[in-house]
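Take this structure, written in C-alpha cells, and hold onto it; I'll ask about it next.
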Amino acid sequence: MFSVTVRDHMMIAHSFRGEVFGPAQQLHGATFVVDATFRRESLDADNIVIDIGRAAEQLHAVLADLNYRNLDDEPAFSGTNTTTEALAQVVADRLAARVLAGDLGETALGLAGIAVTLGESHVAWASYERPL
Amino acid sequence: MFSVTVRDHMMIAHSFRGEVFGPAQQLHGATFVVDATFRRESLDADNIVIDIGRAAEQLHAVLADLNYRNLDDEPAFSGTNTTTEALAQVVADRLAARVLAGDLGETALGLAGIAVTLGESHVAWASYERPL
Amino acid sequence: MFSVTVRDHMMIAHSFRGEVFGPAQQLHGATFVVDATFRRESLDADNIVIDIGRAAEQLHAVLADLNYRNLDDEPAFSGTNTTTEALAQVVADRLAARVLAGDLGETALGLAGIAVTLGESHVAWASYERPL
Amino acid sequence: MFSVTVRDHMMIAHSFRGEVFGPAQQLHGATFVVDATFRRESLDADNIVIDIGRAAEQLHAVLADLNYRNLDDEPAFSGTNTTTEALAQVVADRLAARVLAGDLGETALGLAGIAVTLGESHVAWASYERPL
Amino acid sequence: MFSVTVRDHMMIAHSFRGEVFGPAQQLHGATFVVDATFRRESLDADNIVIDIGRAAEQLHAVLADLNYRNLDDEPAFSGTNTTTEALAQVVADRLAARVLAGDLGETALGLAGIAVTLGESHVAWASYERPL
Amino acid sequence: MFSVTVRDHMMIAHSFRGEVFGPAQQLHGATFVVDATFRRESLDADNIVIDIGRAAEQLHAVLADLNYRNLDDEPAFSGTNTTTEALAQVVADRLAARVLAGDLGETALGLAGIAVTLGESHVAWASYERPL
C-alpha cells in the first residue's frame, strides 16, 4: 500500500456544548495543522499516488471554507460540536467528494482511501480515515 | 475509524541484559515521549472519541508510576528487558485496564483499541497497539 | 550565557482591526504553542538557571489567564490588536512580573532576561525578548 | 502488534518526465528524511522487535547506495520517475531483501512487515508498506 | 526586541568543488526548509512587526527564483559553492533588497534586521543574520 | 554572522542533590537531543562555516564519552549536579577544546563561538553559549 500526505493549516474560533468540555465551553479558538493522506494500492503510469500539487491545492480549497471563521456561526455545523475528531471527518469527507468529482484528476479515482489528522497543539491530535 | 492522541513524557534509568544491546547493557537512561492513541469506530453524543482532558490525566497517572525511576529496581520488570517496545506495551496495557475500570468515563467503554508510541530520540521510536 | 526553556500552549479566539489583516479581521482563533526562555549569566549553587518545575508552573499560570478565552472580550486588550508578537510581549512581561515578585524563587532574581516565542502554526511564529 | 522505527536521510538530484510534474520536470533535488518501520506480532526472547542498532546500520547502508547521487544517472531507475512514493518502495524492498538475507539477524526473520516513509519537506511525505 | 518568522521550502540540485566536501562533490540535491525572521525594536500602529501574509509572499517569491533548479547552472552562483550557509545569505540579502524596495510595505522599512535559517535535514541546518 | 548546527543525541542516567529537584533526586535518566552550533563572522574560501561532516564526527565523539553512562559514577562530575544546562556547558567546552586542538580543521580556528542546546523532552531544553 502506498500513501502521499500533504500538510496545511486553518485558524478558527468555536465553543463546545456539554459539561465534559469544561472551560472549552467558552468561545475560544484553535490552529489546526491538517495532514491529508491519500492511499492507493499501486502507483499510476507516472509512478505517483496522486498529483501532489493538486492534492495540496484541493486541501487548501477545503480549508479555505473553514479558515478565519467562527464555526459556531456556520450553518453546516449548527447543533453539533466541532471537535477536532469531528472536523477531521468533515475535511476527509469534503476531500473525498472532490476526488469523486474529478477535482484531483483521473488518477485520483483509483485511490483506496483518505485519512485526515488535525493537530490542535504539540500534545494533542485527532484523525479520521475512510475508504474511497 | 476515528482516533485521538495525547502526548506526555517520562524520564527513567535502566540497563539491558543480552549481548545484542552492546553498550546499552550499562546503566543508562532515556526520556520517552509517549503518544497514546485511542481508536473508536464512531463518535459519541458529544462528538468525541474520548474526553481528551481525562485521557491526558490518565496517561499522566500511568507514566507517574514509572517516571523518575530506575526501572531495574521495579519489581514489575524483574527479569525482563525494559526496551522501548516492551514499555510501549506496558503503557498500553495499563491504559486499557484503566479504560475497562471506567477511569476514562463511560464513553471510553466504546473504544475499539489503543496504540502507544514511545519516542526514545529524534531518530528512533517504538509502538504497540492492541484491541480493547 | 545559559538559558532554560519550557513549552506550554493556549487556545484563544480573537479578531483584528486594520485592512492589513485581510480575512483575519473576522473572529477566528489560534493555538499558540508558547516557549518561555529564561537567561542567566552563570548557574546557581544547584547548577541550574531556574527551577524548571516552577518555571513550567508559572508559565502555565500566566497562560491560564488567557486560555479558552475570546481575547476581544478581555478588558486588558481593549482597543489593541492581540497579534502573535503582541501576545509574546504580554506573556513575557507577565512572567517578568512574577519573577520580580519572587514567584519563581530567589534564584530567579538573578536572571538576565526572558524571551517568549508563540508558534501560531507550523509555518509562522513570533518572539519578544526583554532584560530583567 | 509491535513496531520499531529508525530515521536517517539522503540527499539526491533527479528530474521527472510527465506534464503532471510541472517545474519538477527540471533537474532539481531533495533531502529525504527516511523512517523505516519494522513490524512484528510479538517480541523475541530479548524483548525486542529487532536489534535497533543493526536496523539503523542496514537502513544507512541502503541509503548509502542512493545518497549524493543524481538518480537520473542510476541504471536501476532508467525509464522510471523516482517520485517520493516510488523511492519509498525501493527502500522498503531493499530493506526486505536484507532482512531475508539475514543481514538484520535471525530475530528479524520473524518480522511481519516493513513500512518506509520519505519526508520530502515539512509539508509533504509519502509511504509504502509491505508484508515480509 | 520583537521578531516574526515565516517558513517555506525549496528543492534544488547542486554539487560542490573542494576535497572537504567528499561525496557531496557529486551532483546531488537538497530540500531546504527556509525560516525567514524579521526583527524590529517596537511594534507598529497595527501591533505588528511586519505583515505576515506579505512576508510569506515575498519569501515565496525569493525562493521561486531558486526552486526546482540545478544551482550549478545558475549564472548568479558561477564559481561559488552553494553551501547551506551561503544560500542562507543569498536568501537574506534578496529579502533585504525587497524590504528596502518597499515590497513588504512601509512598516517593513522600520525593521532592524533579518535572519534566515536553511534546514538541510533533521540533523543539520545553517543560518545567516544581518542588520537592515 | 553565520552559523552551522549539527544534531546528535545521548542517553544517560543520573540523579540530583537538592530539595529543589523533587522526585528528580531519585536515580532516573534522560535522552538529550544535542544541537551544536558553530558561529563565524564570514565564510572561508570553500564558502563554509565549518566542515559539517567533521563537526558531526567531533560532536559524536564528545557525546560518546557520556553516552550510555550513569553520570553519578563519572569522576568528572563528582560533587556536581549534571543538570541539562550544566551538561550543555560541558559539551560546549569539550567541543571548544577540540576546535582549539585543531580536530575540526584549520578553518575551525576562525570560529567566533559555540552554542549547545540539550533537549530533555518535547517541553523543556537548555542552552549554553560561549565565545571561541
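We call the chains A, B, C, D, E and F, going by the order they appear; numbering starts again at 1 in every chain.
Assume contacts are C-beta pairs under 8 Å (C-beta built on N, C-alpha and C of every residue); 3 or more make two chains touch, one makes a residue touch a chain.
Quick caveat, the model's predicted, so the values are computed rather than measured.
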Least hop count linking subunit B to subunit C through chains in contact: 2
According to the touch definition, list the chains common to the neighbour sets of subunit C and subunit D. A, E
As a multiple of 5 degrees, what angle does the CA superposition of subunit C onto its copy subunit F give? 120
Could you please state the distance in Å, as a whole number, between where the Cα atoms of subunit E are centred and where those of subunit F are centred? 27
Among all residues of subunit C, those touching at least two other chains are 7, 122-123
Name, in rising order, each residue of subunit B that touches subunit D in their complex. 16, 18, 20-22, 80-86, 88-89, 122-129
Quick check: in the complex, which residue numbers of subunit C touch subunit A? 7, 9, 11-14, 23-24, 26-33, 67-70, 120-123
Taking the complex as given, what residues does subunit C use to touch subunit F? 1-8, 43, 46-49, 51-53, 56, 105
